[in-house]
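What follows is a single structure, written as C-alpha cells, with notes after it.
Note that the chains take the letters A, B, C, D, E and F in the order they are written out, and that residue 1 is the start of every chain.
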Amino acid sequence: MIVDKPLAELEQYCPALTTASDFDAFWATTVAESDGQPLNASVEEYPFPSDRVTVYRVRYDGFGQNTRVAGWYLVPREPYRIEVDGATPTLVHYHGYSDSKGLPIRQMSWALQGYCVFAVDTRGQNGETPDNNVYNSGSILGCMTKGILDPATYYYRYAYMDCVRAVDFVRSRAETGPIILAGGSQGGGLTIAVAALATDKGIVGAMPDVPYLCHFRRAIEIFTDGPYRELVDFWKKHPYDVEQNYHTLSYFDGMNLAPRIKCPVLLSVGLLDTICPPSTGFAVYNHLSCPKTLKVYPYNGHEGGSEYHEIEKWNFVRSLLA
Amino acid sequence: MIVDKPLAELEQYCPALTTASDFDAFWATTVAESDGQPLNASVEEYPFPSDRVTVYRVRYDGFGQNTRVAGWYLVPREPYRIEVDGATPTLVHYHGYSDSKGLPIRQMSWALQGYCVFAVDTRGQNGETPDNNVYNSGSILGCMTKGILDPATYYYRYAYMDCVRAVDFVRSRAETGPIILAGGSQGGGLTIAVAALATDKGIVGAMPDVPYLCHFRRAIEIFTDGPYRELVDFWKKHPYDVEQNYHTLSYFDGMNLAPRIKCPVLLSVGLLDTICPPSTGFAVYNHLSCPKTLKVYPYNGHEGGSEYHEIEKWNFVRSLLA
Amino acid sequence: MIVDKPLAELEQYCPALTTASDFDAFWATTVAESDGQPLNASVEEYPFPSDRVTVYRVRYDGFGQNTRVAGWYLVPREPYRIEVDGATPTLVHYHGYSDSKGLPIRQMSWALQGYCVFAVDTRGQNGETPDNNVYNSGSILGCMTKGILDPATYYYRYAYMDCVRAVDFVRSRAETGPIILAGGSQGGGLTIAVAALATDKGIVGAMPDVPYLCHFRRAIEIFTDGPYRELVDFWKKHPYDVEQNYHTLSYFDGMNLAPRIKCPVLLSVGLLDTICPPSTGFAVYNHLSCPKTLKVYPYNGHEGGSEYHEIEKWNFVRSLLA
Amino acid sequence: MIVDKPLAELEQYCPALTTASDFDAFWATTVAESDGQPLNASVEEYPFPSDRVTVYRVRYDGFGQNTRVAGWYLVPREPYRIEVDGATPTLVHYHGYSDSKGLPIRQMSWALQGYCVFAVDTRGQNGETPDNNVYNSGSILGCMTKGILDPATYYYRYAYMDCVRAVDFVRSRAETGPIILAGGSQGGGLTIAVAALATDKGIVGAMPDVPYLCHFRRAIEIFTDGPYRELVDFWKKHPYDVEQNYHTLSYFDGMNLAPRIKCPVLLSVGLLDTICPPSTGFAVYNHLSCPKTLKVYPYNGHEGGSEYHEIEKWNFVRSLLA
Amino acid sequence: MIVDKPLAELEQYCPALTTASDFDAFWATTVAESDGQPLNASVEEYPFPSDRVTVYRVRYDGFGQNTRVAGWYLVPREPYRIEVDGATPTLVHYHGYSDSKGLPIRQMSWALQGYCVFAVDTRGQNGETPDNNVYNSGSILGCMTKGILDPATYYYRYAYMDCVRAVDFVRSRAETGPIILAGGSQGGGLTIAVAALATDKGIVGAMPDVPYLCHFRRAIEIFTDGPYRELVDFWKKHPYDVEQNYHTLSYFDGMNLAPRIKCPVLLSVGLLDTICPPSTGFAVYNHLSCPKTLKVYPYNGHEGGSEYHEIEKWNFVRSLLA
Amino acid sequence: MIVDKPLAELEQYCPALTTASDFDAFWATTVAESDGQPLNASVEEYPFPSDRVTVYRVRYDGFGQNTRVAGWYLVPREPYRIEVDGATPTLVHYHGYSDSKGLPIRQMSWALQGYCVFAVDTRGQNGETPDNNVYNSGSILGCMTKGILDPATYYYRYAYMDCVRAVDFVRSRAETGPIILAGGSQGGGLTIAVAALATDKGIVGAMPDVPYLCHFRRAIEIFTDGPYRELVDFWKKHPYDVEQNYHTLSYFDGMNLAPRIKCPVLLSVGLLDTICPPSTGFAVYNHLSCPKTLKVYPYNGHEGGSEYHEIEKWNFVRSLLA
C-alpha cells in the first residue's frame, strides 16, 4: 500500500528547486499587470433560506481579457458576525480541479461560525466562469496543457492571478478583516500560489490540503490517478515538447513558490495519496520558511484528514485570530 | 446509462406489498418491548472549538442487551438557538451503511443554524457502538445477514429500534421541540423505519435520501454495486435459505413500512443510482399516504441531489416549522 | 454482448426527429454568417520525406473570432495526381473527439493514391487549433458542454462551421475537383453535419463512420463509454438544466441534420459499439433520403469495420468518380 | 510482476520481532483461562452419503462467553481408518478469512485416506458460529478491527483460543491419536498460532499455507488485495489510533508467535501473493526454530501450490507418522 | 444482478433447435470413423503417496492423426474398491476450458470412495495433450475458432471424439463396470456431447455442470465473461464469416445434441452465470427426453452449486448404482 | 507512472547475455535445415481496388512440416515503383502477437511510396496460417508455451524460421532489391531474430519497434500487461518447470540474438511500456554492435512513437537507400 517514500525519508525530503532565472521577474511583472487591471466587481444579493447569512452573487474581471470570474460572497448578519478590530475575518476558498465553487451552501458552516467567506470559481472548469483567454494552439481536453508552450500564455498564469484578484475583491469590501486562504487539491495549489504571490495583501494564514500543482517532476514520476495524467497524455502526442513544457511548469510549481510565503501555513498530506503523492507535499513543506504546521494522515489518500482535519482548520483559524 | 425503468414507468410503479400476516403484531410487540426498556442515558460535555454550539457525548442502552449506543448531541447556545414555543426543533440523523456518526463537526451546519442535532451510530458499524446482540450463527462479513434466519433475531430489528430510541432520548431532553428525521442511503432506510414505527413520538418530518433497505426483491434484481451484495454473497453459500431470508427481510422492508408513516416526507432518488436503484425509492414513495414530496435527480447516482438537495432540506425544515 | 436493439429492430428504427421550429432558420443564419466571413487562409509548404506528395501547412480563420484553424493539405505531385476533368478529387478529413488532425503521414495512403487531402483540427482539442470563442460560463472539462445554454453559443456551432469552412478552403484551390468528406466517430458526426449544411459546395460523397453527435436522447440512454459521459457529468452538477440542454443539442443532432443531405453517403456502424451505440447510427441512416449505403459490422464496437471498411471507402470513392 | 523482495533477499529476510514485554505473560494468562473453561461439547451424527466415513455435527464453547463453535468431525469407519498405536491420526483444519468450515464434503479426501478430521468455523465469519464476544466499540465491517483498542479484547484473542480449543476437543475423543494442524491464508495464521500456543497438546505437525496475520507492518506496507485492507480502511477513519493498534496486533502476529513452535512445520508461500505477501511468510519461516520445510511457488499468488502442494501435504503427514 | 431471463421464463425456455439436415449423418460418420481407429493405449503405474489407490499414467490415440491423449486412471485397491456385479463403477471426467486433467490428486475423493476414475485432458489446452490436428488456417489464440470454417475440420470434432474414446478406453479395462460422465463448464459440454454420441457404450449417467458450448446464438447474445469471447474477437476480424461459423457451431451445440441422450442426466445451472448464461443450460435441459434432474442455484454464477452440488453428485451416482 | 528504471540507468543497462553454450550451433543447424527445405511458393494475383499496386496472394512452406505460411506481396506498377540498380527495395513486415498480416490495405502506404512489401502471418495466430507443427504436450492457450520443454520443439523456433523464409521468398523474386525488415512488438522481436539469423540474405536494415521476446527474465520481473502473462500462467500450473523453460527461452531471446546483427538498426522504446518494458529494449540496443539508432518516447507506452516514429522509419529507409 505504500505509494511513495517512507515517512522518515519524506520528512527529510527537500529536493532542489527548479526555479528559472527570471522566475521572480516573471511573477513581479505578472502581479503588477494584474494590480493595474481594475476588478469591475458586481455584487448582488442572492436569495438563500437563512436568516443568519446574506449571500451575494459576485462577478469580477479575471486576469487578462474577456473572463468574468464568478464567486459567492457570504456575509454573516448581526449578531452572527465575528468582529476583530471592527472587521470580520474572511476565508477565501479555492476549489479542486474540474469542480466549481459549488452552491453557497457549501461554505455555510464557515459563514455560520461568523466569518465572511468568498468562494470563487477556477476559470474554465465546471462553474459559472469561462476561460476566455486567447490561446495559440489546442490542448488535451482539460486545463493542464492550455498555452503550455510559454509561461506567459500558460493557463495557470491566468488562473493563479484570478485567485489573487479574489483577495483583491475581498480587500475592497468594508467589512473585511484579516484574510485566510483555504482549499484542497488544486485549491491547495492555488492557496500556495496566492500566499506566495500576494504577500502584501492582508493574508494572515493559508490552509492548503493535499496540494496539486507541486513538484511536477516527482509528481509525474509517481502519481497513478488524477489530472497529472493530462500532461502524460499530452506528451504521448507531443513527445518532443516535454522539456520545454517542464520549463513552463517550473514557474507554476508550488515547490518553487513556497519559499516566498510569509504567513503561517497549515498543510496536510495523505501518505496513500496517489493523485497528489505525499513527496510532492513534503517538498513544498520543507521549502517553507514561514511559521508552519504539517498534518500527516498516514493511511489516507487524496481525501486527506477529512473531519479530523476540518477541526484542525477551525482551530488554526481561531489561533490566527486569537 | 439508464439503470432502471424509464421515469414515466417509475412514476406509476407501485408493486404489491410483501407484508406478512403478523407484520403489525411483530412491530407492535417490538416497539412495546423497547418502550419498556430504560434508556440509561449518559450525557457529558465534549470539548469542541466553537462558542456557539455545545457538544455532548451521549450513550444510551440500545435495544436488547449489552449494547450502548453512542451519539453526538449538539445544542446551540444562546442567542444562537432557534426556539419554537419555547423549545428547539431537533434533527435526528442516521448515517449510511458501514459509516458512523462521524465527528461532531459533521452536523455543525445544522447546529449553527440554531437546531439541536442528535447524530447516532448504527450498531456494529464503523462508529463507537458495538453490536453485542447474541446471534445463533455466523454471517457474511457485514451486517446484512446477521440473524437473518428469523425476523426476531435479525440485525435490523435491533438497529431499527436503536434509532427509535434515539428519538426517545431526544424527547427526554427539556430543550427539545419538534423532531425531524434525516439520513441518506442506510440512513434513509432508518429514517423511513423510525417514521413508520414511532408515529406518536413528536416527529414532524422525515427526510430520507436515496434510501437503502427498500423493496428487497427488486433491489436484488437490479442493483450492481453496494451492500445488497452481502445478501447475494450469502446466498451463494446458502442457496437453500433464499426464500426464508426474503421472508425475514419483508419485516424490515421500507416499502412495507411506508404506509404507516403519518408525518410529511421529503424523499429523493437518483435515476442512475446503482446501489439503491430508483424503482425501490419510487416503490416507497408510491406507498406513502402522508404529505409527501419527491425530488428526482435524473442523472445522479447514489450521491443524489447533493448541494441542490441540501437546500431542499433547509427549505423543507423551515416550512415544517413555519 | 448485445448492447442495443436486435438488428431486425435497428433496421426499422426511425424515431421522430426533434427538430425545433427555427432549426432551418438557425442554420441558414449561421451558414450565411460564415459565408460572409473571409478565410484569410495561409498556405506554406511543409517539409516531408516524400517525392510524391507535397505537404502544406494551412491556417484559416475559424467561424467567429480569434480562432485560426490548422490543417494539413496534401497535394500529389505529377505524375502521381489523379485528374478528373482537369481537377483532382479531394478528401476532407475530420478527426475523432479529443484527437487532432495528427501528422501529415496519417493521410498519406490517400494522397499517394493520387487524391488531394485536407485534414483539419477540431478547435480546442488536441491539435494546433485553440478554441478562442468567448463563452458565458464554465463547463465540464472537454468540449461537450461549452456554451450549451444557448444554441447560438454552443461549441459545436463553431466546430461545425469550421468544418464547413474547410470545404470553403478546398474550393478556393485551383487544383481541387470533386470533394469527398470522411471521418469516424466525432469525425463521422462532423461529416454528416457538413454534408447537411454545405449542400451547394461541390461535395460529391460523404463517408461517416460510427458517427458521434447523433440522436442524443437515445445515445445518453444506452451508451456506457466515451464522451457522451461529459453531458451526464454536467447534469449531475446541473440537474435543472437537462431539458434546456437537450433543446440546444437538438440543433446539432446528426439525426435532425440527416434529411438535408443530398450527396451519396456511405455509413458504417458496429453493433457492439458502446460509445456511439448502433441505434443512433441507424436513426441517422433511416432518416437519410439521399443515395445511401450502410455497412453493418455485427461484432465490432467503436472501431467499426477497420481494414474491411477502409476498402469499402476506397471502392466508394472510386465509384463516385467513375 | 515481482510483488515483493527478490527471492535471494527473502531467503535471508529475518526482521526484528515486535514482541511486547508482556507477550509471554499475555498468552500464558489467556491459555490458562481457556484451559480452565469447560468445552461442553455436543456431538451428534450427521447424515452423509458415505459408507466409509461417519460425520458428526459438533458444537463446543468458544473462548469466553456466549459463543458456541461449530465443527464437522469426520471419523473413518472400519476398515477404512488408519491406526497408529491404536489411535487415529487427526487433522484439525482452519479455514480462510470470511469463509467457513464448509460442508463435510470439503474434508472427505482426508477422511477417506483414513484420518479423522475436525474442521471448525472461525467465529463471526460465514459459518454457523457467531461471534458473541462483547465489544466496547464499533469497527470496520469484518473482523480485523473488532476490539482492536486492547489486546485483551481483540477479536483474534478469541478466535485463536477457539482454535486451541478445537485441539482440546479432538484430544477429548478416544479414537484420536497424533494431531496435525492445517489451513491456508487465515487458516495458515491460525495454524501457526495454535502450534505456538498449544505446544503441549499432542500436535505433531503443522501445515500453514500462504499465512495471513503475519508481520503486520510489512504486510500493510506491501499488500494490494485482501483483508489487510480493513486495517487501512479503519485507519482512514481513525488516523490517531494507528500505533496503538499496531501494538495490539503485535500480540497476534504470526512472526512473533513463530519462535514458540516446537513441532515440525511445512510452510508454503507464493512469490506473487499480493494478499499475504511472500516477505511476511519468510519472516515467519526464518523465525522458526523447529524442524521446518518451506515450499516456494515462484509464479503463484495467494492460491499457493494448489495440487502440487496438496501432494506435499499428503507426503508430509505420512512422514510424520512413519 | 439478474443476468438472464427470469426463472419462470427459463423454466419454459425451449428454443428451436438449429440442427442442420445432415447433423445425424455427420455424427454417424464421425463416430464410425473413430470406432474404426485403434486406441493404442499405454498404461503405466505412476507413483502416488496412497496405499488405497493405484494411479496409472495413460496415453491413447486421439481422434485423427498425431495426437496422443493423456489421462490419469485411478483404480482403488482391495478392499477399497466398490464392485457392482464384479466390476467397478467408473467416473470419466472432463475438465473446464483452458485447464487440464490436473494432477491425480484432483480425483482422489472419488477414487477413495471406491470408484475407478479416468480423467483426461482436452487436446491443446493446458495439460499434457497437444492438438496436432492439421488445420487450414490460423485462428484466435485459443481453441474456439480452430478449423471453424468447416464442421469436418472444427477443433471440437476432434475434442469431442477424444472424449468418446476416453469411454472406449475405460470399456477396454477388465475392472470397469457402469460408466458415469462428469465435468463442469467445457467439461459439462463434453459430458453432454459424449452422452449424446456414445449412447451404446455402457454410460449409465451424466453429470454436466454449468455447461459450455450450448445454444451458441443465445450465449453470444448475453454472455459477458469467458471464452465465448474468442468467437466475438474472431468475428471482429472476420465480419463476413459469422453466419458460416454459426453453421459450423450448430453441429457441436449441446442443445442440438441433447435430444440424443438416453441415460439419466443431473444438470446444474447458476442463475447469475455470466460465462455460460442460465438460458443456455435451460435450453439443453428442456430438450432432454431422458430421465433428468435439474439443480438451479439462484444466486450462484459459473461456480454453480459447489459443495452443495458435489453432494448431489455423490447421491446421484449412488442412486444410479442402487 | 515510471514503470521501469530511470532513463539514465536504462542508457547504461547492459545485462549479461544468457546464451547457452550450444546457442550458435543450435541456430546454425536450424538455419541449415531451413535452407535445405524448399519454399514451394505459390503466387497468385489478388483483386484490389488500386491501379498503382498489384497485390499477390502468396503461400509458401513454413519451417518443418505441414504448415503453409500466408502472405500478401504488394508490387507497385510502373511508373510507381522505385528502382535501385534495377531492383525494387522491399519491406518485409512481421505483425504483433495474436494479430495477423491483416488485409493488403494495411501495407498500402509503403507500396504506394514505390516499395515492394511482403507481409506475412505468424503461424497459429489470427491470420490464414495454421501452426501444424507436431507438439508433445499441451500448453497455455496461445503460443508462448507450445513445445517449451525443448528448444528444438519450441514454437518460436518454427515461427522465427518462417520469418527467415519470408526473406527467402522475397529473394526468389526477380523484382526485389535490398531488403528492409520491420515490425512492432512481436513483429519487433521477429525483426531482431531475422536480422540476427539471416545475415547473409540481402537485408540492409531492420526497424524493430517496442520489441517483444527480449530479455525474458527482466521482462517477466517487471511487465504488468500482455502476453508475457502466458508464461506466468503456465508456471502457476507447472512450478517445477520454470528454470528449464528459461533455458529454452534463452535461445529465442532477442538480447542474445542482438550481437549477431550486422545491418543498421532503428529501434524504438516507450518508457511507459508495461507490455514490453523499456529495460528489455535497452538490453537489446546496448548489445547491438551494428550501426544503430535508438528513439526513446518518454511518455509513450507500447504504442511507441506512432506517427512520429512512422516518419522516422520513412527517413531511415530513405537513408539506407541513398
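As a working rule, a residue touches a chain if its C-beta (ideal position, glycine included) is under 8 Å from a C-beta of that chain, and two chains touch if they have at least 3 such contacts.
Just so it is clear, the model here is predicted, and its values are computed rather than measured.
Asks: Tell me, which chains sit next to both chain A and chain B?
Replies: Both chain A and chain B are touched by C, D, going by the contact rule given at the top.
Asks: Compute the shortest path length in steps from chain B to chain E over the network of touching chains.
Replies: The least step count works out to 1.
Asks: In terms of residue numbering, is the interface formed by chain A and chain D classified as same (over half shared) or different (under half shared)?
Replies: Different, since under half the interface numbering is common to both chains.
Asks: Counting in whole Å, what is the centre-to-centre distance of chain B and chain F, each centre being its mean C-alpha position?
Replies: That pair's centroid distance is 64 Å.
Asks: Once you find the CA centre of chain E and the CA centre of chain F, what distance in Å lies between them?
Replies: The answer is 39 Å.
Asks: In angstrom, rounded to a whole number, how far apart do the mean CA points of chain D and chain E lie?
Replies: Going by mean C-alpha positions, chain D sits 38 Å from chain E.
Asks: Can you tell me which residues of chain B touch two or more of the remaining chains?
Replies: Residues 308 of chain B touch two or more partner chains.
Asks: Just say which it is for the chain contacts: an open line, a closed ring, a star, complete, or other.
Replies: other
Asks: Give the pairs of chains that touch; include all such pairs.
Replies: Touch list across chains, by label: A-B, A-C, A-D, A-F, B-C, B-D, B-E, C-E, C-F, D-E, D-F, E-F.
Asks: So in the complex, the part of chain E that touches chain D is made up of which residues?
Replies: Result: residues 49-50, 52, 79-80, 102-103, 105-106, 108-109, 112-114, 307-308, 310-311, 314-315, 318 of chain E touch chain D.
Asks: Can you list the residues on chain B that touch chain E in the complex?
Replies: Going by the criterion above, the answer is residues 220-224, 228, 232, 235-236, 239-240, 242.
Asks: Going by the contact rule at the top, pick out the chain F residues touching chain A in the complex.
Replies: 1-2, 272, 297-301, 303, 305, 308
Asks: Which chain C residues qualify as touching chain A in the complex?
Replies: 66, 98, 100, 121, 123-132, 134-143, 234, 237
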